[in-house]
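The structure's right below; bear with me while I get my questions together.
Chain IDs A, B and C follow the sequence of writing; residue 1 opens each chain.
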Amino acid sequence: MTDDNRVMQRAKADRPKVIRYRGVVKRYGELKALDGVSLDVHAGEVVCLIGPSGSGKSTLLRCTNGLETIEAGQIEFEGAVLPPDERGLRVIRQRMGMVFQSFELFPHLTAQENVAEGPRTVLKMKAADAQQRADALLAKVGLEDKASSYPSELSGGQQQRVAIARALAMNPDVMLFDEPTSALDPETIGEVLTVMKRLADEGMTMVVVTHEMSFARRVSDWVAVFDVGCVIEQGPPRQIFDAPLTERTRDFLSHLGWAD
Amino acid sequence: MEFDFSVIGDHARFLAYGIAITIALSVVSGLTSIVSGFGVAMLRLYGPRWLKPVVVLYIDSMRAIPVLVVIVWTFFALPIAAGLTMPPFAAALLALTIHLAAYAAEIVRAGIESVRPGQTRAALTLGMSRRQALRRIILPQAIVRMLPAFGSLLSITIKDTAIASVIAVPELMRQSETVAGQSFQPIEVYTFAMLVYFLLLFPVTRGVDRFYRSVAHLGRS
Amino acid sequence: MTLDWSVVWTHRDALVDATGATILLAAATMAIALPCGACLAALRLYAWSPIRTIAACYVEFFRNLPLILVVYWAFYVLPILTGLGLSPFLTGLAALALNVTAYNAETFRAGINSIRRGQVEAAMALGMSRPQALRRIVIPQALRRILPVLTSTWVSLFKDTSLVSVIAVTELAYVAMQVRAQTFRVLEMLSAMAVIYWLLGYPQAKLVDWIQRRYAVSE
């Protein structure tokens, strides 16, 4: 398949590019976590990053909002290269939402206070307004009755949904998910994936690092397969999961027990 | 401001004797405290029920009463109460042991209680008696966990030996006081003492840290 | 052996005053050592590398010295360094404050470091600056871990005030031993001294236990 064909299969390729990764290189000492990654994310797309552990997927996500710095290449967000300074990055981060594998809810705040924290502290919203927004978002993820519960009183799935609401409270243009269900019990994975699918249906641009292959196949518009810091294959889910082009992708999927 | 550190050299042997006594008192009272503390902890955990509140009272009392008070009472008041006389070193040793054994007992108790109950269950399932389980499975793990706390207890022990100076035990603090008083050069003498104590204590805390890190995996279950 | 316990009652005023001095000494020390310890911890965590090293050296220095030696040293050195003659009380206070500041600095630093990096990252991912993340997310959680340790430090400090008796500060230990020397009632006075410390210290130790149980942090 030529590049042109692949681009034609990319449903939302005519949309503006929200994120562009161009030859991104990230080193930890001697180790190259990212070795020249190039990838585009268009508006409204769900892009899933899959691959073995340690292949650089999470690292790319953390470089996207400046939690990590890159050694070479560049990352563009909404047409502009990521600023190198903290102050510039802080502005960018307000337009990106991030959901962590370990939820990272603030344990000393209730669910509602967690969701309202961003608007209050960063957007300088009035307490009452922030609270209202928080309540609306908690309802959106199905947890309106847990508003005054503390994270320790919530199940893993509930905590992660609160974390999603917390990220949404900042009205981001793109949502970054770093293995959102890897730390969850099997029973609660479904409730989180449902929320994520609903977000996708509403048109949110999402970059998702995940091991949930059926979710990736069903929901994503574009899939990038990582291995040893490189994108070894990228394409629409039908290609990646049903007819992968590279040997390594086939190996990776078969190791996961993915029948083709 | 003139400093003349030759006063240290002039009294080198006198001060060295003090260092020796400090080390001796620290090591001996450290050992007796750990052994006694271990015994006290065993009584508290596995002894007769009526003994428990007595032990707890003893341990909590040592948290309330300063070491200075225990030392002074042991040297001056105990002879009157019990009719026996003790040389200063012995009194200091006894006082330090009584005071520090309480802390050692708590360290032992915390160490043992921190080993998961599943370990005991597993040992009993294999057919061990409770005592065997304690000796062969629980204690080895617990002892590894106790090491950092014992390290800091040793550090405290060394510092507390300096308090024995008030009952004229000829350890370093006391010797320094004597030299400082005679030579009218307290700054030089006490600075020297500070240096010696620091050189004694710093490696102890660091050494225990390093040793613990290398054996910590043995205590993780 | 005839015991005359009335000597304790006769000197009750002096003992009560001395107890007050002990409490004042401990409270004043903490009042100084809490903010100073916090500042020192902040320096050690966030300042320039050379300042961090100096702060670390201060902490290691005072944690590895017997307090009684610091008291003596302060007594002889402070007048020369500061040029003014400090009363024994202030000298003792200075020695105690120098010592407890070091311990507090370590307590604050360990408390802050015990908060997972992920918490700071989550805060920054929302767009908070590092100072904001520190103020709203890290410190509230760290305080919960710091408080129990501070209460332990207080109990130790309360006992350590007895050490400034060696430079004739009129706190409980000094006064009790003075009365002993004057009246020759050794067993009575020394036992009374122990009992008074016990009456003061035992409830504090139990309160500390309660606080530590209540604020126990389980991950």
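FYI, contacts are C-beta pairs under 8 Å (C-beta built on N, C-alpha and C of every residue); 3 or more make two chains touch, one makes a residue touch a chain.
Predicted, not measured: the structure shown is a model, and the values here were computed from it.
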{"item": "Chain contact topology (line, ring, star, complete or other)", "value": "line"}
{"item": "Identity of the most central chain, Cα criterion", "value": "C"}
{"item": "Most remote chain, CA-based centroid, reference being subunit A", "value": "B"}
{"item": "Rounded Å distance, subunit A centre to subunit C centre (Cα mean)", "value": "49"}
{"item": "Chain centre separation in whole Å, for subunit B relative to subunit A (CA means)", "value": "54"}
{"item": "Centre-to-centre distance between subunit C and subunit B (centres being mean Cα positions), rounded to whole Å", "value": "20"}
{"item": "List of subunit A residues in touch with subunit C within their complex", "value": "65, 67, 86-87, 90-91, 93-94, 96-98, 100, 102, 104-108, 117-118, 121-122, 163, 166-167, 170"}
{"item": "Subunit C to subunit A touching residues, read off their complex", "value": "116, 118-119, 121-130, 132, 136-137, 140-141, 144"}
{"item": "Residues of subunit B touching subunit C in the complex", "value": "1, 60-61, 63-70, 72-73, 76-77, 80-81, 155, 158-163, 165-166, 173, 176-177, 180, 186-187, 190-191, 193-194, 197-198, 201-202, 205"}
{"item": "Touching residues on subunit C, where the partner in the complex is subunit B", "value": "1, 60-61, 63-70, 72-73, 76-77, 80, 155, 159-163, 165-166, 173, 177, 180, 186-187, 190-191, 193-194, 197-198, 200-202, 204-206"}
